[in-house]
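Before anything else, here is the set of structures, which you'll find just below.
Two complexes come next, and they have one chain in common, chain A, joined by chain B in the first and chain C in the second.
== the complex of A and B ==
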């Protein structure tokens, strides 16, 4: 406290009530979730909710689906984001317009709107995607995009890549612009071709940004709910049921609030662990 | 001076809050927002007659369940609310969220006018917890223009499953993406409802009479499951079933793409909005059946949450809304939905139209979904069973056996 100056002290006093309120709310919600997860419907202490999580075959399936969903979405978003960022980094004229149109637009579209829009684009009676593909002679017959488990998963991943690549692109673009141009100039004089310049300058320089983006998008994608829910509702079968859609279903559809709480705590631990691994490797990187 | 004006302000605020708590809050779900004006008119009349203030909130169906559930779970909520007859009332009653209504209903003279097959939907542990307000039952909705162009008689829809296959095959032209019958196969309630119609139409039953175990793994149940999925798989008369349900098919029907699907009285305004030219070129009939006529009923009941501080007035409003006069005014203004009062069904001039007569004839055949708190989970197992067959993950025999085991496990908990 003694290190704070007067202005800082009064500022602290001003924000303190809100900080306390927010923290209390956070602690209360977390606490009540923990409490719920260890009790049964009558409020008795039990571990049954957690045991159910390990015996319920659907949970295993959703875990697997979540891994596919996250790996597919994140790798797609990062690669496409990097590609677009590299392209945008080249052009200097009209960059703001390009950035706002290409990068912000999909990201700014509301989740529900994006979900409904993709659902209609994939439609196998009227869908624009099928129509365009047929007219381009790429496919001969309409593809029922959301009608089988694997196709549905692929389709929601494609939609999610579209929805999320913008954010990675923005991060990468910001990272690219911090790389000093002299590095490239020096390399060019030394005779490095453009691929080599990318590999030996851009990638290492961008690594911290890539790691942070990878961590954030991974966590966001695990927790991302609206797109799947509006497009497939977790179906067909359990084809696109991820842990979060299942948690929602357990709580709001089946009213098994205690099990829902326990599964979300399990998810919390998983995410915590992933974040921990990332942060540790980022910290190591910085220490070097 | 400043202090006294502050005091006055404070008093005003307190008065305003006290005034607000005297109003009756009613939540209406499942009704599209366009009905707002009719609600204003009906409620306005009540306010004028009784001097009570009523605050109406309308919700779309998609969000209403979550909204109501969250409020009730948090110990809040309106004084009077709509609850879906598909199992909401017993589910909420089990949690202790609803006020028992038996004594109130006994003191009311309208009880015998309510269609008798509606009461099981609002009973939990022998006590009534809701007053059914409007209802409907599922029928076969079909496009008569498409019947004409396929060379079928527009006034002779299929009555049996054999006729259904025959006519649907004639109506289907898969190369033009035109189909005879829409099989609902999405992971939504529509799929369970459709299966229930086929199951009871084959003479089967979903659960035992005391709702303690599954009763659909019988030769009748298997026949229903096979026939229902065969419509899509073997006969190929349906668009890709796992991606669509009756709501989608209704829209396709408006565009002459699907000739028959399950629908009901609520479909009339919706299909006419989708294509105004379809008026007089679509109608309803009893859904084709295997051995016995069958239908599922649905609808909404008025319930009083136990947290309400204004229960007496809420009950007055419920009685007013369910009175003969209010319903007659409503029907005159909107033409639907189907009232839960028999006297209104028979008296309202608008309801004497032939489509409505089909509905009133079918209604006594309509069964309700099991009014038990576990129904949503049972329903999901039915949806999974149908999807597994449609996706080729399991044979009908395997799927029905798995579903039976899962439903029994759910009910045993």
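== the complex of A and C ==
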């Protein structure tokens, strides 16, 4: 420790108490989950909880659902977020008003409120969505949005895109505002049209922001629980059951704490792996 | 087409698209507000009544009579506590990460974010058990404590960016004028950082404001529960009572909505430089 200078010492004094406490808490919680996952209800050592994860067909289904949920939500949120950010970046007058409605409103709505709000819109008899779509001649018959497995999954993804695209939009908007304007002017003088300018300037300049947003949104979407919980509760059947909703169900509905803990640990490994892949490719990008 | 005509056309298309998107995005919430103002026969009217109906206050009166404002108060208490401690705990680590160069800085900063990586649901059980053993179950303190691991990482990253934006020379000038560290921090740095601290505080407040899972599991007695748990009461497996549910939803959404709109500048700045740079 004698090699530390004064600045480093005062910095560590401010940082270490927090970090040590956080890490200890994390280790405690993780350790507690590990202990639970390797014991049975009577406290005996067992591997059965993990074996059950492999033999339980629902687990496979939830993995598949989670992939669909994440790919659908994340791609929708990022594309819509980017589109909105580009539009907002072009606008001068009234940007605050548009920003308030498009980016702030869905964000400020409570998770559970967003869930019930969409559930009501999807109602197969009195839902406004069917009525509007029929009036606009987009569909001919009412769709039972939440009644079949595939439609239910599509429906929760649409709701999630509504709830979450604003965050990507904010990241992208701020990213766009850091791109120096003379890059565009130079390209315009060279005769590049706006489509070409988008691909040769905007996309490469925005790439670090896109990568970070992709990573955060992916992890947040895997972990996002309240929307599915309030809209479908994982159903119909196991149609919208993702890993997190199933962990909750196992632990707090079926009272299978040990199995819930073991599935939690499987999810840990998955998230660690995803974060590791992203961080490595981001680091590579930076080193270039 | 000339260049200025082209520009004008592009502007027009941009605004048309923005208006369309605004309408589509705002519609679900608008529909919620309209539904909350309808009587039950109008809610279940066929064909659907869009704008022509007799507005009613019955659902708002109904939730008032069901102690909504008591849940509201509980939410404010938990939110204020979460806000206060998230700022307090995050302040010094954030300052150090912004100002000093030191060994393992990157590693430690990554370590700070560890709780951001995992879903809250996987920690619920061990936290519940720990609170149960320490007698903190069904207390505001217990709930606030269990929120802090999830809010403080963001508060550190946010405040760090605000500290970064203050020129170091300002602080040095104060030190030369004879201020010690504490004085310089209180008199020079803190006042400039107030918007950032406010943004972090409100982030933490709203995190707890909308959190359902922990609040409904940890606060077991009715007298202590928060708004999301209250709203959950109206969601049944077979029947949902939309009227009071949406009336409560409106009252629950308004505070965050107004605060976010007023402070959006800080949020966008903080969010972005915090998680995008470095």
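Quick note on the criterion: the second predicted complex is superposed on the first by the 264 of 288 C-alpha atoms of A that agree within 3 Å, B and C clash if a C-alpha of one lies under 4 Å from a C-alpha of the other, contacts with A are read in each partner's own complex, and residues count from 1 in each chain.
We take it that a contact is a pair of C-beta atoms (placed from the backbone, for glycine too) under 8 Å apart; a residue touches a chain by one contact, two chains touch by 3 or more.
What you are looking at is a predicted structure, and each value in this text was computed from that prediction instead of being measured.
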Contact-wise, after the overlay, does A:252 reach chain B, chain C, both or neither (first, second, both, neither)? both
Most chain A residues touched (candidates chain B, chain C): C
In the superposed arrangement, which partner chain does A:236 touch: chain B (first), chain C (second), both, or neither? first
Between chain B (first) and chain C (second), which, if any, makes contact with A:175: first, second, both or neither? second
Touching A:108 in the superposition: chain B (first), chain C (second), both, neither? second
Figure out whether A:116 sits in contact with chain B (first) or chain C (second), or with both, or with neither. second
One more residue to check, A:214. First (chain B), second (chain C), both or neither? neither
What is the shared patch of chain A, the residues that chain B and chain C both contact? 125, 233, 252, 257
Please name which positions on chain B make contact with chain A in the complex. 65-66, 69, 73, 91, 95, 177, 185-188, 239-240, 242-243, 252, 257, 373, 376-377, 380, 383-384, 387-388, 390-391, 393
For the complex, give me every residue of chain A touching chain C. 4, 7-8, 10-12, 14-15, 18-19, 22-23, 25-26, 28-29, 32-33, 36, 84, 87-88, 90-91, 96, 98-113, 116-121, 125-126, 128, 131, 162, 167, 170-171, 173-175, 194, 208-209, 212-213, 216, 219, 222-226, 229-230, 233, 244, 247-248, 251-252, 257, 260-261, 264, 267-268, 271-272, 275
In the complex, go through chain C and note every residue touching chain A. 10-11, 14-15, 17-18, 21-22, 25-26, 28-29, 31-32, 35, 43-48, 89-90, 92-93, 95-97, 99-103, 105, 108, 111-112, 114-115, 117-127, 129-130, 149, 152, 156, 206, 209-210, 212-213, 217, 227-228, 231-232, 235, 237, 240, 242, 245-246, 249, 252-253, 256-257, 260-261, 264, 267-269, 271-273, 275-276
In the complex, go through chain A and note every residue touching chain B. 123-125, 142, 144, 146-149, 232-238, 252-255, 257
